[in-house]
Each structure stands twice: as C-alpha cells, then as structure tokens.
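What follows are several structures.
Two complexes are shown next, each including subunit A; its partner changes from subunit B in the first to subunit C in the second.
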Partner chain A sequence: MTQETILIGLAGILAASAPIVFAVLGETLSERAGVINLSMNGTILLSAMGGFAVAYTTNNIVLGFLAGMLIGALVALIVAFASITLNQSQVAVGFVLALTCRDLSYFLGNPYMGVPGPRLQAIPIPVLSDIPILGALFFRQDAITYTSFMAIILTWVWIYRTRPGLMLQGIGEKPAAAYIRGANVNLMRYVYTVIGGALIGLAGPAFSLASRAGWMGTISGLDGFGWIALSITIFGGWNPARAAFGAYLFGFLQWLGLVLQPVLTQVPSQVLQVAPFPLMILTLLLVNIGNAEWVERTLAAMPESTRKFFAKLLRAMRASPPAALGVPFERD
Partner chain B sequence: MLKSRFSGLLFQIIALALSFGVVSLILISIDASPTEAFRNMFKGSFGEMRKFAEVLVAFVPLLLVTAGLLVTFSAGLWNIGVEGQVVLGAIATTWVYRYFLESDLPPALIITLAIFGGMIGGAIWAAFTGILKVFGGVNEIFGGLGLNFVATALTIYLIFGPWKRPGVASMSGTVPFPDEFSLPLLANLRISPWALGIALIAIIIVFFLLQGTYFGLKLKAVGKNFRAAYLLGIPTWQYAMYSFLICGALAGLAGAMQVAAVYHRLIPSISSGYGYLGLMVAMLINYQAIWAIPVALFFAALNIGSIQLPIVMKLDSSLSGVLQGVLVLFALLVEGARQKFIKKGQNT
Partner chain C sequence: MNVEFKNVNKHFGNVHANKNINLTIPSGSIQGILGENGAGKSTLMKVLSGFIHADSGSEILLDGKSVIMNSPADAIKHGIGMLHQDPLDFPPMKILDNFLLGMPSSFFPNRKEATQDFNLLATEYGFSLDPENYVDSLTVGERQQLEIMRLLFLGVRLFILDEPTTGISTAQKEKLFATLRKFPEQAMTVIFVSHKLEDVESLCDRVAVLRAGELVGELTPPYQTKKFVEMMFGKEVTLGERQSAPVGETVLSLNDVSLEDARLKIKNINVEIREGEVIGLAGMEGSGQNLFMRACAGLVRPVGGKIQLKGQDLSGKSYHVFKKNGVSFLPAARLEEALVPGLTLTDHFVLAEEPRGIFIDRVAGQTLAEERIKSFNIRGAPLSPVESLSGGNQQRAELALLQNPLSLILLEHPTRGLDIESVIYIWGKLKERCKQNASIIFMSSDLEEILQYSDRVLVFFSGKISQPMNANKTSVEELGELIGGKGWAEIGGEHA
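So, the complex of A and B:
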C-alpha cells in the first residue's frame, strides 16, 4: 500500500464514523444529565429515513438534516417525559422506542426504497487542504464530517470548561447538591435529553445523505449501529473526546474487516462485519472489570509490586457512570 | 383496592384506544384506510383455519420466550440477550440432529435429544451474559446485545461454512432434515400440537414457579431490592445466574421448536425477532404470567395478519411492529399517568 491509499483510507474512516460520533456525543450529553436514551437504534433509523425523505421531496439537503434532528429531539422528548414526568423506567421506554421507531422507519420509508436522492459532496477547504498529510485527512471532507469534528470539540469544552457544563456534571453526579445550588434539575434533564436526542438524530441523515446515501429499508445495513453507539458511550467513560476516539476505533475495525476480506477468503464476509461486536464486549469487560468486587479481593491478595501495577492498569481503563444515571430526582 | 383495579382497567382501555388512534393517524397520513388495514390483518390471522394455524406457529416461540423473560424480569434483570439465546438453541438443536443423522436410534429419541440440546445451548449462551454481569460488571443489556450479534454471525458462519449445502451455500439455510426428524404436525396444517403443548406447559410451570415456590419468592426479593436481599442472606449472584439459566433454557427451547417443528433446518433469521417481541409482551403484561397467553396470542396474530398488508394493500408489513410498539409505549405512559393521578388523589 502506498502512502496515498492509506491516507484515503484513513480519511474515509473519519467520514464514515461521523454518524457514530454524533450518536455517542448525543448519548454522552443525555447520560451526563442522568437520562439513558436507549431508543438510539430506532432513532438513527427513523431520522435516516425521515431525513432522506425530506431532502428528497424538498430537494434541499439542509432541510433533510434539520428533519433528522427534529425527529431525534421528539423521540428524546418522549423518553424524557415518560421517565422524568411520569416516573417510568428509562430502559423500558427507550427499548420500546428503539423497536417502534425502527419499524416505523421501515413502514413509512417503503415508498423511498432505492430511489436515487441527494448526497453531500466533499468541500476541500482552501489552503488548509494543501497541508501535507493533515490536509488529506481532515480538510477534504464533506460539511457533516467537519460538523462532527467541531461537535467533539464543542461538547468537550462545554462539559469541562464552562459553568453550565460544570452544573451538568453535578446534575448527573449529585442532583440534590446541584438543586441546592439553584439548578432546576428536572428541567435541565429535559433540555439535555432533547439536545442529545437532536445530536443522535443528526446521525441518521449523516448516513442516508452522506456516507451511505439513500434509503434501502431493512437492507440499509443501519440496524445495529445504535446499539454499538451505546456501548461506545460506555467505553468513552462519558467523556466526549474518549467517546469520539471509540467511534473512530470502531470505524477503523470495520474498515479493517473490509480490507482483510480478500485476504481471509475462507471467512464469510458476514462474520468479518460483526467482528467489532465481540471486541466491543471485550472492551466493556476491560472498562468495567475494575468495578467488580472479586477483582478488588484478588488485588488485595497480590504482592505489593504486582498489585500496584495491576491497580494502575485497571484504573486507567476503568470508567464509572454518572452516579445518578437512571435515577429519578425528586425534591423532598 | 377494588377502585384501583377498576381504574387500572379503565386506563388500560384508554391506552388501547390511544394506540389504535395513533396508528390510524399514521395510516391516514399516507392515504391508507385504517379500517381496511385492521380488517385485513384480522382476516389474515383469524380468517381461516390455515391462517390461524400460522398464528399458533408464531405463538409457540413467543410464549416460550415470554415465559423465560418473566423469570429474569422477576430477578430485576433485563435479558435483552434472549434473542441470541433463541438462536443458540436453534444451532444446538441442528447440531444434535446432524450428529445423529446417520444413526439407527429411533427418531422420537433423536427429537427429544435435539430439543434438550437446544435448551442447553440457550442456557449456555445466557450463562455468558450472566457471567459477564456477575463477574465482569458488564451490564446485562450490553453484554446481551453484543452476544446477539455474535449469535447471528455464528449462524451465518455455520450456514455458509461448515454446514453449507453441498454445492452452493445460500441464505435459504442448511440442508432440510428428513421428515421423521420433525415433530408431528396436524394434518394439512403447519402447527405441531406437541410444540403448542410444550409452550403451554412451560408458561404454567413458570407461573407456579414464580407464584407458589420459595425459589420464586427469593427471586422476586432479589429483583425488588438487590441489597436488602443480599443482607437477608440470599445468595444474590447465584439467583441472578439461576434466572439467566432458566430463561436461556426456555429461549433455547423456542429455538429448538423453530428447527424441529417449523423450518426443519437452520436458517439465517431463525429467531425471527421473537426474543425482542417477547420483551415487549412481558412489558405489556406488566410481568404477570397470567396474561402471557392472551397477549402473546394477540401479538402473534398481529405478526401473521400483517403479512397480508403488502399483498392486498401495498403497505409494508412492519405495521404490526409499529402497532405492538405503540401499544406498549402507551401502556407505559398511561400507567405512569395513573400512578401520578393516584398519588395526587392521596395528597389532597
């Protein structure tokens, strides 16, 4: 492989991962505020279909992306209403929505199956795109991929470097304390769930109007990405930068599967396509195992030097969810 | 007490009406007649004996999966991996069949072994989720989801790899087994009374397990309050594992029925989404075993009835999934509203 083909491949991974990046960032915001939006898999499909249908009928690609965000925000609003206002299980409502939105996308998307529609084109940024290596990687992408880069930076800065972001961390970790400091916990949870939902809704059109343009119904191959994105959110430890890294890692693994296919001819292509899933379980195991009780006991029994090494290793991998994730807040 | 039960029923009727209302609106929005769609779905499921038999064919795995899920839900666990457990049950059943393909054993014995094999296969797959949860700290939702995808990949690998048809491997599955390996079917119908009987026995056993035994009581204690159960001396992690094993065995049984009574071979979509659908049924019946039979039958009827839609009305058959989902969603929302309503009534 020449340097050129490797660069094109890597740039392709960045573009193909853009939808997953939006999804993990949206879920990270929502979960940071304490609400699990489990509907993600259905939301992505419905917004992919809706975004494509709107862009196709209006012949306006921007409206397609806005429609996707609106769908994501509305689904998230149902999750928020059911869990915050009506006190129902977030997991139950989210799971039902994941299935319902998926079937709704297949049902309503039927007339748009296989029709050729608009697709986002790459816009090389003048001057910057001529920088060796970096130019080819980052500055010859389409608008939605640029947006995904900016979204990573913005969410990170928002959570870790601004006052409202600090409050957001508080709402997810110690809602009672945030409440005493004057935060309207439940209103903020609504706001972040809906904003997160809009970001997740951007993932759909980022597929159907860009990296996997078109709507193909059940054979679109989009079913499953939402569940992957949920695991990547955990892998990311609710940190936007680490979550985005997870999204790119997943994109890289998928690309690797495609590249290796001609080499490993005896392995059916369908198997390579799902290879990232067991790897995801493995990473979840590595991230979580430090929280298991028996690991702590084993560590305690180890000699000092090895104990230190393993404890450090586990701490580096470990990720703990926001303390109030999934716990309803009631002032009393 | 009576009043709350009455209000419960009233609110459930409201939920049902709202669901049909919303789905009607969806249909009207695409210029399709709701009454015609519902009528076609009804005719397609209860219209004739042959079609009702198809409903029962779908009812069997759905009821088995629901029965299993009632056990994990009782222990407070979200066994989303049930879909993969169905698949592994089907794979294990196929494996046993293939192993005895040339043997002289009586077919009835081979069928029995294959069905037990399916239950063990499902239980082993569920044990993976359980071990990841109990010893690895991996939430059962994510472990289970990942394993579902692995199970599907494994099926496709087997169909296109080691178990492929002589000549060309295809999505139509492995070579069908000889007729004597099938559970006996009713004359001219695709439903096996044996499969139906097994599913009904399974739900009855689960009902009594949860309602009438010390085991069921402890399981529910674990589900209601994990920490309190632990402090009371119930070995919580063991009970979590038991519930996974029981659910996995029942899901595996569903997979075994799909192979032994319906498809007579392994196909890529052997689980047909019954695992996920079972989760919906369990939620809709609010985890009470007594309602499992009518609701599972209703959901199976929607699935089979919707097959008519593309043929008669050029609508996508996924309408059944939309209706099922909207039903469960409104059941949850209305239940939330009812609890709020009761709370308010108590405060004033």
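So, the complex of A and C:
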C-alpha cells in the first residue's frame, strides 16, 4: 500500500465519520444537561430521509441540511417535553421515538427510494490543501466534514472554557447546586436538548447528502449507527474531544475491516464486518479500568512516583457520567 | 447586615412549619438557631435564603428594608448566602471550576486571574486549597471552606450555616469557628443553625430556640445548658450515668491483621473485643477507621493476619459469612447503603426476615411492621417509604431491622445529624443489645459521645492505630491531641 492510498483512506475515514461525530456531539450536549436522548437512532434515519427529500425537491442542498436539523430539534423537543414537563421516563420515551422515527422514515421515504439526488462535493481549501500529509487529510474534504471539525472544537470550547458551558457541567452534575448559582435548570435542559437534537439531526443528511448519498430505505444501512453513537458518547466520557476520537476510532475499525478483507481471505468477511462493535466495547472497558477495585490495589502496591503517574493517568481517562443524568430536577 | 423576621408563617399543607416568627438579628453578630430535628429551623432558613416563599403577610427586612427573594440566586444578590448541610458543590469538577461556576465573569472566564483571586482569598483566611485539585478529594470541612470562599467572593454579608459541624473533624470545626468569629469584625452577620448545644454555646452571641415551629425564646451568655434543653424539648433530658459493661468472653479477635486500600495502609492490628463491650473509634475522617470497620464486617479483605469471631477463623471470608455468624454493619450513608429508598417500612421488615416461601405474607408483614414501629418509637406508618422519614427515624428503623441475637454490631456514625433525644434513645436501644451479650464497635466524630458510651477507645491517625484505651482514664483533650497526631509516643500505641 502506498503512502497515498493510506492518506486517501484516512481522509475517507474523517469524512465517513462526520455523521457519527455530529451525533455524539449532540448527545454529549444533551446528556451534559442531564437529558438522555435515546431517540438518536430513529432521528438519524428520519433526518437522513427528510434531508434528502427536501434537498431533492427544492434542489437546494443547504435546505436539506437545515431540514435535517429541524427534524432532530423537533424530536428532541418531544423528548424534552415528555421528560422535563411531563416528568416521564426519558428511557421509555426515547426508545419509543427511536422505533417510531425509524419506521416513519421507511414509510415516508418510499417515493425517494433510489432516486439520484444532490451530493456534496469536496472543496479543497487553497494553500492549506497543499500542506504535505495534513493537507490531504484535513483540507480536501466537503463542507459538512469541515463543519464537523469546527463542531468538535466549538462544543469543547463551549463546555470547558465558557461561562455558560461551566454552568452546563453543573446542571448535569448537581442541578440543585446549579440552581443556587442562578441557573434556570429546566429551561437550560430544554435548550441543550433541542440544540443537541439539531446536531444529531445533522448526522442524517451528513449521510444521505454526502458520505452515503441517496435514500435506499431499509437497505440504506444507516440503521444501528445511532446506537453505536450512543455508546461512543459514553466512551467519550461526555467530553466532545474524546467522543470525537471515539467516532474516528470506530470509523477506522470499520475501514480496517474493509481493507483487511482481501488480505485475510481465510477469515469470513462477516467477522471483519462485525469486529468493530466488540472492539468498541473492549476499548470502553479499558478506558474505565480505573474504576475497578483490583486496579486500585495494584496501584497501592506500586512505588510512590509510579503510583502517582498512573493514578493521574487513570484519573484523566476515567469518565463518570453527569451525576444527574436522567434525573428530573424539582425546585425544593 | 441587620435581619428582621416579621410575622413569618409557613404552611406545608396542614403542617404549620413556622408559626408567627418575630426575630431581629443585629448586624455583626453570630446568631444561633437551636432546635431539635423538625423544629422548623430549616424552613425558616429556606425562607431567608430564597428557596421557598413564606405565607403571605410574612415579611423579611434587611437593614430595615422589606425584601422579597424569589430564588437563592436572588438572595445572594441581596447579600445572603447559605452553606448547606450537604455541600452543594460539584465533586467531579476542579476546585477552580467550582469557584468560577455561577460567578459573574466575562464569557470566557479568565482562569489565571480567578486562580490569583482564589489564592489571595485562601491565604487571607488561612485555607490551604489547591485550585487545580478535584473537589471529590476534599473532606467535608474543606468543601465548606471552598463554599465560604465562593460566597465571600460573591459579596455575601449574611452567612447562614445549616448544621455545619456535622461530619467534620474537631480540628476543622475549630478552624471553621475561628473563621466565623472574624466575620462580625467586618460587619458581616452569621446565622448558625444547629442542634448541638456545645457548638452553639461556644460560638454564638445570642441563641434563638425553636420548638415545634415556634420561637420559644432567646438566650444570651452566660449560657446554661439545662435552660437550653428545657426550651428545646419543653422538659428536662439527661444523658444518664455512664455504665460499664461486664467483661465477658472474647467475641472478636484480630491477630496481626494488615489492611490497605488505595490511600492507606494499616499494619499489625492486634485487638480483642469482649462480650457486651462497646468500642469507640476516634480519628479524623479517613484515618483508617472505615477500613478497620469494614474489615470487621467482612467487606474489606485483610492483606494479612487473622480475624476470628468466637474462635472461628473468618479471615478472607465474605460479608455473608460474617453476617451468618451474627455480625451486623450499619453504614453512615443511611439511604445509600443501609435502606432501600422507594420501599416502605413494611417492605424492609419483610425483607430482613428469614424467607418463608416465595410469596410475601402482606398481613404478617403489616403486623410485624406495626409492632416494630411501636417498640422502636419510629415516627412513620408501615406504608411510609423510608426516604420520607427523618434522619433520626431512619436510624431507628435501621436498629429495628437488626436480627436477634447478634454477636457484633458495627456502626458508622450512629447518631450523626440526630437531636439529643434521638441520640439518647438510640444508645438506650444499643445498650440493651450489650446486655444481651452483643459487642458494639462504633465510630463517631463526636469525642464526647465516644467517651460517654464506650468502654474502650481505639484512636486512628493516618493508618496508625492506638492500643485500646480505657474510656474512664482518658479525656476529650487527650483524644483530641491523638487524632491530631500528637502524643503518640507517650501512649506507646504506635505500629508500623
């Protein structure tokens, strides 16, 4: 394999992972505020179909993306209303929505099955795209992939470096403490769930108008990505940068499966196709290894300096969910 | 800041939690609010800190001006800040982030500047907190310090402290009191809510006593403990004489036991505990008492040595084996580790019984619950969910759940956060168990309690453990020094 094919492959991973990146970022925002948006798998399918249908009908690709975001925001609004205002179980509502939206997308998407529609083209960025290696990786992508890069940076900066972002962390962690610090907890939960939903809704058209252009109904192969994105959010420890890394890791594992298929002919192709999923679980376990008691014991037995180093490393790796995730907030 | 309550009333449904309270707190004073659990202290403070609205007609005046506060954030704008009993902070986040959160600042908070402000303030008050450290590595006392700093920085002029001495060490309490004593010099006012007489007596300039929602009266120094107790309970309550237990046979013996967790190592523990004996564990939080107690319960496996219960070797056995052999463990976190929130008292009693078939006998359960509620004086109905009970009643329920007979009862902070009447009641019940030959090991941050109720005391200091000390022959002062790490050479109890 030449260097160029590898570069093209890696650049392809970045583009193919863009939808998952949007989905995990959206879910991260929502869960940071304390609301689990379990509808993600259905939302992605419905926004993929809706985005494609709008772009096809209006022949305007930007409108397609906006439609996707609108669909995602609306579904999220249902989740928020049911859980925050009606005090219903987020898991139950989200799960039902996941199934409903998926079937709705197959049903409503019938007229658009297999029609050739618009597709986003790559826009190499002048000057930057000529940088060796980095240029080929990052600067010869399409607009939605660039947007995904920006979204990672923006959400990270928002959560960790801005005043409202700090409050967002507080709301998901201990709403009562955020409330005495002046937060309107339930309003903010609405806002972040809907914004998160809009980001998740961007994942659909990022498939159907870019990396997997077109709408193929049940054989679109988009079913399941939402669930993976949900687990990557956990893997990412509710940190946008780590979550994005998880999304790319998953993309890489999938690509590896494709590349290795012709080489490892004795391995059934199904194994390679399925391998990324268990591998994701394995990574998840490794990341959260610091929580296990035996690790604590091993650490205690180490010499002081080594122990400190590993303790710090594990502390940085460890991800604990926002403590108030899924817990309704009631003003005392 | 001068605070005036005028005809403050608060109803919760049929419950009249605050009855026509009229109280003036002069600027620059430390005001104590004393009362047993459920006397209406918290309600009054929640009204003052903007958490809840008082009934109409009630009025609160700050420096002579009538104010209406719609939220705690609103109260802070008026200069009123509250330190809650369970610190309202964010444990997994950094100290600096906790400090910054909710602080008025630019859109991108300047962390460097905030660090400087933080360190400056910390130095001024003599707190040693590293802003880059995480809050979950702090003790409750340090988390209070962080909250105090945050409120000071927000410009709070009136501090409300709700039971702040619960769960902190004696040294930290002294530190807290020293800090609070500085406030009146700067014309800041402190309201100190507590049910602990000694704390109120040593700190407050004036003390208001609440009973059953009413303001019973106000006292100024010199205080008379008897008078306080009378006002709080409407009757005299005495602690009773210290009772020494007979020396029976050995129940639990630890031979060269070594324990460790990620933070702490305790080596070569040799202790024998006899029938009917009460052992008090003293020490600052996290000095090894928890580890010791959990090892005695079979929850922590010792790395070396032998644990024997009535001659039977149980080292390395699981909690269930310990339990079968008559060891019971009551953890401090009542709702997290001891009881099941969402289940009723009846459910709890049924679950604790030996199972008879797979179906629940509702009628028998109900009878059992009624009987236990009566004999343990629990304020609650058989169908009350445990989380709806007050702390004291939860503790009573835990005691009512203990099997009979037992050889060893392990208690973490058995009376933490309880008023004096409940404390006396609970110790009465425990002493009854001793008479039935059970041994008790308990830990407490209240040294008076340890001296009052134990026969022998074990002191812990960062993984060191003292020889058992006779409670008759030691004093609060000696124990206070030992848990602070002083005077270990004299008692010769040093290991490792």
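Worth a mention:
Operating definition for what follows: the second predicted complex is superposed on the first by the 296 of 332 C-alpha atoms of A that agree within 3 Å, B and C clash if a C-alpha of one lies under 4 Å from a C-alpha of the other, contacts with A are read in each partner's own complex, and residues count from 1 in each chain.
The rule we apply is simple: a contact is a pair of C-beta atoms (placed from the backbone, for glycine too) under 8 Å apart; a residue touches a chain by one contact, two chains touch by 3 or more.
Keep in mind that this is a model prediction, so the values were computed, not measured.
Looking at the shared chain after the overlay, A:L285 reaches subunit B, while subunit C stays out of its contact range.
Between subunit B and subunit C, the partner in contact with more residues of subunit A is B.
By the touch criterion stated above, A:D103 is placed in contact with subunit B alone, subunit C being left untouched. In the superposition on chain A, A:W227 makes contact with subunit B only, while subunit C stays out of contact range. By the touch criterion defined above, A:L166 lies against subunit C but remains apart from subunit B after alignment on the C-alpha atoms of chain A. In the superposed pair of complexes, A:A136 makes contact with neither subunit B nor subunit C. Within the complex formed with subunit B, the subunit A residues making contact are 38, 78, 81-82, 85-89, 91-93, 95-97, 99-104, 106-108, 110, 217, 224, 227, 230-231, 234, 266-268, 270-271, 273-274, 277-278, 280-281, 284-285, 288-292, 294. Those residues of subunit A whose C-beta lies close enough to touch subunit C in the complex are 161-164, 166-167, 169-170, 173-174, 176-183, 296-297, 299-300, 311, 315, 320, 323, 331-332. Only residues 46, 51-52, 71-73, 76, 82, 88-93, 97, 100-102, 105-109, 134, 260-263, 265 of subunit C touch subunit A when the two sit together in their complex.
Contacts from subunit B toward subunit A in the complex involve residues 26, 30, 78, 80, 132, 135-139, 141-143, 145-147, 149-150, 152-153, 156-157, 160-161, 276, 279-280, 283, 315-316, 318-322, 324-326, 328-329, 332-333, 335-337, 339-340.
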